Structures are given as C-alpha cells and as structure tokens.
Amino acid sequence: MLQKLRENQNIQGLILILPTLLFMVGLLIIPLILTTVVSFGRRSADGGVIYTFTLDNYARLFGYSTTCTNGAASCFDPLYVDITVRSFWLALETTVLVILLAYPLAYFIARSTPKRRTTFLFMVLVPLWTNFVIRVYAWMMILRTQGVLNGLLGAFAGLFHIPFTPFDMLYTPGAVLVGMVYEFLPFMILPIYTSLEKIDNSLYEAAADLGANPLRTIFRVTLPLSMPGVVAGTILVFIPVMGTFIVSDILGGQKVMLVGNLIQRQFLDARDPTFGSAASLILMVMTLIVTYFYTRKFGFGEEIIAV
Amino acid sequence: MNPYRRSLFVKVMTFLVYFFLYAPIIVLITYSFNASRTNIVFAGFITQFGPLQMSGTTVVQSPCGPFHWFCELAKNREVMNAARNTLTIAFTSTISATVIGTMAALALQRYNFRLKAFSELSLYIPIVIPEIVMGIGILTLFSQLFTFFNNVLNLTGSARLGMGLATVIVSHITFSIPFVTMVVRARLQGFDKSFEEAAMDLGANELVTFWRVTLPMLMPGVLSGALMAFTLSLDDFVITFFTNGPGSTTLPIYVFGLLRKIITPQVNALSTVWILVVFTVVLALQWLQGRESRSQKAWK
Amino acid sequence: MPDFAVELRDVVKTFPTPEGGYVNAVDHVDMQIKNGEFFSLLGSSGCGKTTTLRMIAGFEWPTSGEVYIGDQGQGRKPPFQRPVNTVFQSYALFQHMTVFQNVAFGLEMEKTSNEEIKSRVGKVLEMVKLNGMERRSPRQLSGGQQQRVALARALVKLPTVLLLDEPLGALDLKLRKEMQLELKSLQREVGITFIFVTHDQEEALTMSDRIAVMSLGKVMQFGAPVEIYERPNCKFVADFIGETNFLEGVVQSSGDGTVRVQVPRVNSTLTGVARQEYKVGDPVVLSIRPEKIRLVETPQLNQNCFEVIVRNAAYIGSDTRLEVDLNGVKLKVWEQNHISTLDPRAYHQGTQTAWVSIMPENILVLPGE
C-alpha cells in the first residue's frame, strides 16, 4: 500500500492539489457557472430567481427598453451602456494616471542605493496597511466642502486677502478619479520597481557608451525592459477599478454610477439577482478580453507577485 | 557612470507622490484627536482632561484627555465585535490558505499529475476577475444552497442556515490560496532536491523529511505567503460585503456602514490604532528577517 | 559475510529524452564491489556513473536488473531503508541546522539515545578534524570544512558502503589534493567500502583500489589503477586515461605474447604486446604512452627504433614535451629532465634529427575499429 503510493507520482500530486481544487471548483468555478445560469433567468416577485432561459437581462443591458417616454413599444435606452462605457473610461484614466505617477517613483527607488531601497519600498507599503475603506474615508475628509483641502486653500487665500468660496469637490467624477488613483497607486509602483530593479547597470552604461543621451536611454532601454512590470501593474489596477463600487459610492455620492454600483444594487437594493448576474458576466468578459489581449502582447510576468 | 544618478524631475515627482500617499494618512491621524464631535472641521486638539466643551453645544466627560476618542472606541461594543470578527476571519483563513496553498505549490512544482493544467488555470481566476464577480458568485451559490436546505430540512428560527463567519472565512481562503501558492512556488523553484535526498539517505522517511528539512527550508516563502494572505483578508471589503451575515460584521464593513451617517472621530481613532498595530507587526517581522539575513552575511 | 559489498546484475536505467524518445543512461551493467574496497566510477559527464551511484543509494530504481547490497536484493526500496550513505556533490548540508545537528540527524532517525549520539558525533567530528565547530552553522564554514561535515554526517551512521558523488569537485586544486590523501587514509582507518564517482582520472588513479571506466552507460574496463593505465583493454580507455599516441595498423604475425603490426602510415613494422589473440590481417590500434618513448642520439639494436625529426620542444620543468615527426606522423614524446643543469643545451631543442626507441612491452596492441 505505502510502497504503491510511494511509486505513484500521479496520486501524490492529486492528494496535494485536492484541497485547492475543492476551493477553486466549489467557490469559484461553480459560482461562476451558477452566475451564468442565473443571468439567463427571471426575477421572481420576492426577489428570488426563476430558472428559465431568457435573454431579457442582456437585452436590457445593451439598451433594449420597453418603458419609453415617447410611448413606443420598445426603444434604445443608453443608461446601462453609458454606465459600462463610463466604468471602462474611468479604469483607463486611472491606469494611465497611476502609471504616470508610479513610474518616476519606482525608477527613483530602483536607482537608490540597495540599502535605501528597502526603506523607500517600505514607505510605499505603509499607506496600504490602513484599510481600503478607511483610505476612501480619508479622502472624504479632505475633499468635502468644509474639508481639509478647502480649509488650506481658504487659509492661503486669506493670507493674500483674496475672497474665497470653498469648492464643491466631493461627490464629483474628479473625486472618484482621485480616490481610485490613490487606492491603486502602490499596486503599480511595486511591479514596476521589480522589473526596473532587474535591469543591470551595465545596460545603461552600454547605452551611454553607444552614444544614447539619457532621454533616449529611457525610451529605448529602460521603458521596454520594464514593460513586464507595467503589464503586471496594469492588470493589478485595471481589473479592480472596473469592479469597485466603494470609491464611487462614497466619493461620488449617488451621482457617479459604475458597473460595480449597478451590480451591487441589483443584489442588495433592487433585488434582481438575474440582472445583476448578467451585468457581472459582462464585466468579467470585458476584463478577461482586456487581460487576454494585453498579456498576449506583453506576456504575464512574475512581477505580479511583487505586491 | 554613477548608477544612482536620478534627474531633478524624478526627484521632484518622487517627493510629490510620497506626499500624495501620506497626506491622507496624516489627516486621518490628526483628526483622531479632534475636539469636535461631528468631525467635519478640525476644531483643534483636545488639550484638557475632565469636562470638555465640544464644538456644538455638548459637554462631555473626557477622562482620557487628548485620547478621548480612543477611550470612546474601546467602550464601543460594536467596534470591538467587528475587530474580533476581523481577526478571527483573518487568522483562520490565513492558516488554512497557507497550508492548502503550500500543498498546491508542492504539487505543481514537484509532481506530474492529471488535472495539473486545469489546476494551474483555476489558480489564475481570482487574479484576473474582478472581486465583485467572485463576491456575487459566492453569494448566489450560498443563498441558493441555504434556501434549498432550509426548505428541504424544514429548518426554522435560529437553525436556519445563513451567511455568517463561516461563509466569509471560506471565501477568504479561496482568494488567498492562489497568492500563497505563487509565493511558495517561487521559493521552490530555486530549491535543490539533494537536501531532501540527503535526509532520506540518512534514514528519514518521506514525512520526516518533509517536517525536518523541506518545510524549514521553505519557511521564508511560506511565511511571506501567510503574511500576504493575512493582509488580503484584513483589507478585504468587497467579498466580505457579499458573504457576511448578521453577527459577522468586520471592521471594513462596519466603517462603510458608518460613512453614510455622521462620523465621530472614533473612526479616525480606529484608523490610527489600526495603522499603529500593523506598523508594529510589520516592523517586528522586518527586524526578524533583517537579523536572519545579517547572520547569513556574517561568513561572507 | 557475503562475497561482495555491492553487486549490480544486468542493471539498466532508462530515461525519457526531451525529444520524446528514450535513452539508456545505464546500459546492462554488471559490477562487483568487494568489501573494504575503494572503488571508483570514472567517466565523463553523461556516462552513467552518477545514475549508477544513485541506484545504489536508492534515489533511482533500475528499469531492469537488480542492485544487491551485501546479499540483499534492493528492488524498489527507498533510500532510508538501505544500509548505505551518500556524500553529495553539493554537500546538501541542512542550512537551518548546526554542524552538530547535521551530523546527529542520521542517528536521530535511528532513535539512538542522546548520550550515544553525543559521543559518536564527537568522535566522528574529531576524525574529520572539526572538533570545536559543533555549534556553527554550515554557512559559516569554508568549502573544505563543509565537505568534512558532509563526510562526517554520512560516516557517523557506520554504513556498510559509503557513496561519494564527486565530493571534491567544488574545492580548489590544492585543497583537493590534500583531501584526496585524507579521504584515502580515512577509508583505510574506518574500513568501509567507498564507491567514489569522479570525472577526474588523476583523482581516481590516486585514491582507488579499483576503477570502473564508464562510457555511454557501459563499463569499458574494470581494473586497478596500474592496470587501467598500463594495460587498457580498448582504444577508449587508453585515450581517456592519460595521454597516448595511436597508430593504426594490420597484424603481420603473432605469437609468444607479442604481435608484429604493419603500420602503413609510417611505412614500417612495430612489435608490441597484446592481451588477446589476433589473427594475421586483423585491424589493430597501437597505443604508445609519450613517456614510454625514449629519444636517443644513435640508432639502437632494437626492434622498435626509428629515425625522427624533432619538430617542437616545450620545457615544462619536470619534463620536456616534444613533438616528433616519424615519416610524416606526429608523435608526442615526454622526456624526463633528470639531469640537474642550468645549461639549456642539455635539454632537447627543436628541429634536429634523433632516434626514438620503444620497448615492445610499452606498445599495446588494441582491437581496431
């Protein structure tokens, strides 16, 4: 018995992977299949699911509406398409801004003396240790009309005797963008740093030796070599931004509706899990497509575990 | 050429980004000493002990002085319950995910077996799908299962199955496993098999070899995997949001609930405590690791 | 007491190749290793020597055939059930344990009492001159010291056979020579059978009682160092061990242990010795060691004496290494510089006519291809 087990690699491997498979299948794959099934169902009167096969939820998501202002039987309602497009754009804007902010910092750390690198990296991680929700709350305190930022601006204006009316910054799309950038910035810094740190100094010397000026070196050597880090960072930023609903909920008030908010409301307030499931499947497909094309072009590096 | 040369632009940007990262933290901490109940504007630090005129009209007893809000926090049973839940979930899910993830890393790195490609693929799913998709998937699964069993078994009252600590914990285990696996696998990749062969050669069977040689040598990887799982669990909001139930509120869920009401500086006090605790823990770990690597360097 | 410490009977080990095929890493090997012997497996990388050792240790199981330790067939026994111990090429010292804990590990597995562990570990550490180092971490030791810990860790178990997989490979040359002699005397002291894997022929010759020269999974020759060097049984062994000159020829006549061989390339006939019978007309290869060729001023009344032109002479201290031209064929000739003088003319110079003389017993007639 023992000897048989000892000689059977297949069974040893299966025993070791079994618990993982239980969790991955039971709490990831089956739920995803269930979500798919539910998304083709219909909402029951008490907010439950009636299992049938209907494309109604998807039709609604793509703008098919039966409650039209002009009295027609059906018309195009851009509500949900708008929400999806807005989420996509916000995720894109966030990712680009985060890359622009993260890159110089990551470069700075990677080009520090090895001893200081640890300290600088540590300083990137500290803000992450507060809670996600608490970080959003901090921005709420900063951005609100009587908040910190307006207070500072007012004091500053006061010094020069300029009349100052506080800005309404909270509950705007801008506030949501700032919140998103803040939440996900560290997830870009770490992978970029990891790939930059791997670049051997002799490469910079070779570039300089071959006559490249510093700017050309950055564009021809540093950037291409750090691409795996940027890709990993993008995946770590873009996907969560697409699905987050807290930042928009708290910093956007009710005004900025994203796919995440839409899904959340279907499950908790509107009580239409079938429509919510359809929306979340669309969300998943969108992120998978982006990830697929993005990683196919640039590869899926080990930088992703840098965080 | 100086390898550490950085342009002025990079230095200025670095300073600004660090400022951006820390400004909210400083605001959070400062406001936890706010002498205002509503916490909308900063009314100055609390400076005296005893009766205290808060902005607005209320007079409160403040035996803790500047730490008034910290004392209030300690008296808040909801917060204390949420903190206990958070830690219970974090510890249980970390330990389970670390054990399971380490096993998976060993399987994937050391063995060839059927379902290997499938297993590797499934471990990527939590990384490439948004959390909310996973959250509502698990919510749907459990709510359907619970409805089914409650009906079939005719469960009533407190016997009815529902969302709670258990559902949160298994969900946290699920999203932590892939990260533990990745970290441990990375460590296993540089692992020379001759150490295990040596142990077996000296008379240790497979299990003893694992406990006495493989695991201790793998420990740094296992520990950083565990630390990662712990952080992920502590920080998680989305999945907990969909899988928690009455009595399993965690701190993030509790704070989120407060954000729509009037928030007292208690929340800031909570944040300050949180940062301090995590900071201390991580610093201690860093110090331990540093000591380890210093003793490693000694002979070089 | 069984006849052999280790015996391999028709052992084959097959590995899959990356291209999807199969290769016999060890190809029908029979081997008998006597009790108390210092036995070396010698060959270049990929010859199957390490796989052979690993099959004796139990890290690999034979595809077919059987490994015997003592008179016990080992079958598919795992390493921890075999009475042999291994010293690894990388030492494989447990980094998370002290020197003492490393050496004690094997005894702990045998559930030896604490006092006995203490005394045995102390004794073996003294034997390898590491007393006082018990509490150090392996990381704090030099390469040579780590090597000794690995040795002590295996020896403390008092195995019937000690397996050594290129244990000196990572040491620098000087330390290596020292360790060779030390290992050899240690082996005499403990009386345990050593099976030593190496690709270094000098190492094998220095230390071994007997050597098996391996190539492509097969054993080419078993023999004592002198035999392997002086009487190789094939062209491969003659070429692999030391340096030699090869001349291809055809048997002209044979008898009385000597063979006359016609060598067309030098247009003459040489007389040598053979280990086997040859018929007239058999293709053969002559192997002549460079140090066995004597360079003389005048022709000798000898069967194997030829006029040559000295093309090149390199003075390397103990020897002068020459390249001579025998009817258009280049031969390596090593002359020992046994005269003590500072006069450069005393040593052979380039481009001059001379005679070479080779004793028939120094010309080995080996089977041709």
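The chains carry the letters A, B and C, assigned in the order they are written, with residues numbered from 1 in each.
Keep in mind that, in the parts below, a contact is a pair of C-beta atoms (placed from the backbone, for glycine too) under 8 Å apart; a residue touches a chain by one contact, two chains touch by 3 or more.
No experiment lies behind these values; they were computed from the predicted model shown.
Enquirer: Quick check on this structure: which chain has its C-alpha centroid closest to the centroid of all protein C-alpha atoms?
Expert: Centroid comparison flags B as closest.
Enquirer: By count of C-beta pairs in contact, what is the leading chain pair?
Expert: A-B
Enquirer: Can you work out the whole-Å distance between the CA centroids of subunit B and subunit C?
Expert: 59
Enquirer: Approximately how many whole Å separate the CA-defined centres of subunit A and subunit B?
Expert: Whole-Å distance between the two chain centres: 18.
Enquirer: Roughly how far is subunit A from subunit C, centre to centre by C-alpha average, rounded to an integer in Å?
Expert: 63
Enquirer: Which residues belonging to subunit A are in contact with no fewer than two other chains?
Expert: Within subunit A, residues 6 contact more than one other chain.
Enquirer: Out of subunit B, which residues touch more than one other chain, so two or more?
Expert: 206
Enquirer: Two or more other chains touching the same residue: where does that happen in subunit C?
Expert: Each of 78 in subunit C touches at least two other chains.
Enquirer: Under the definition above, what is the set of subunit B residues touching subunit A in their complex?
Expert: Listed in rising order, the residues are 1, 3-7, 9-11, 13-14, 17-18, 20-25, 27-28, 31, 39-42, 100-101, 103-104, 106-108, 110-116, 119, 122-123, 125-134, 136-141, 144, 147, 170-171, 173-174, 177, 179, 181-183, 186, 206, 231, 234-238, 241-242, 251-252, 255-256, 259, 263, 267, 270-271, 274-275, 278-279, 282, 286.
Enquirer: Per the contact definition, I'd like the list of subunit A residues that touch subunit B in the complex.
Expert: The touching residues are 6, 9-14, 16-17, 19-21, 23-25, 27-32, 34-35, 38, 48-49, 101-102, 104-105, 107-108, 111-113, 122-142, 144, 146-148, 151, 182, 185-186, 201, 204-205, 208, 214, 235, 239-240, 242-246, 250, 260, 263-264, 267, 273, 276-277, 280-281, 283-284, 287-288, 291, 302, 304-305.
Enquirer: Under the definition above, what is the set of subunit B residues touching subunit C in their complex?
Expert: 192, 194-195, 197-206, 208, 212-213, 216-217, 219, 295-296, 298-299
Enquirer: Can you check the complex and tell me which residues of subunit C touch subunit B?
Expert: 57-59, 78-80, 84-86, 88-90, 92-96, 105-106, 109-110, 137, 139-141, 153-154, 157
Enquirer: With touch defined as at the start, can you tell me which subunit C residues reach subunit A in the complex?
Expert: 76, 78
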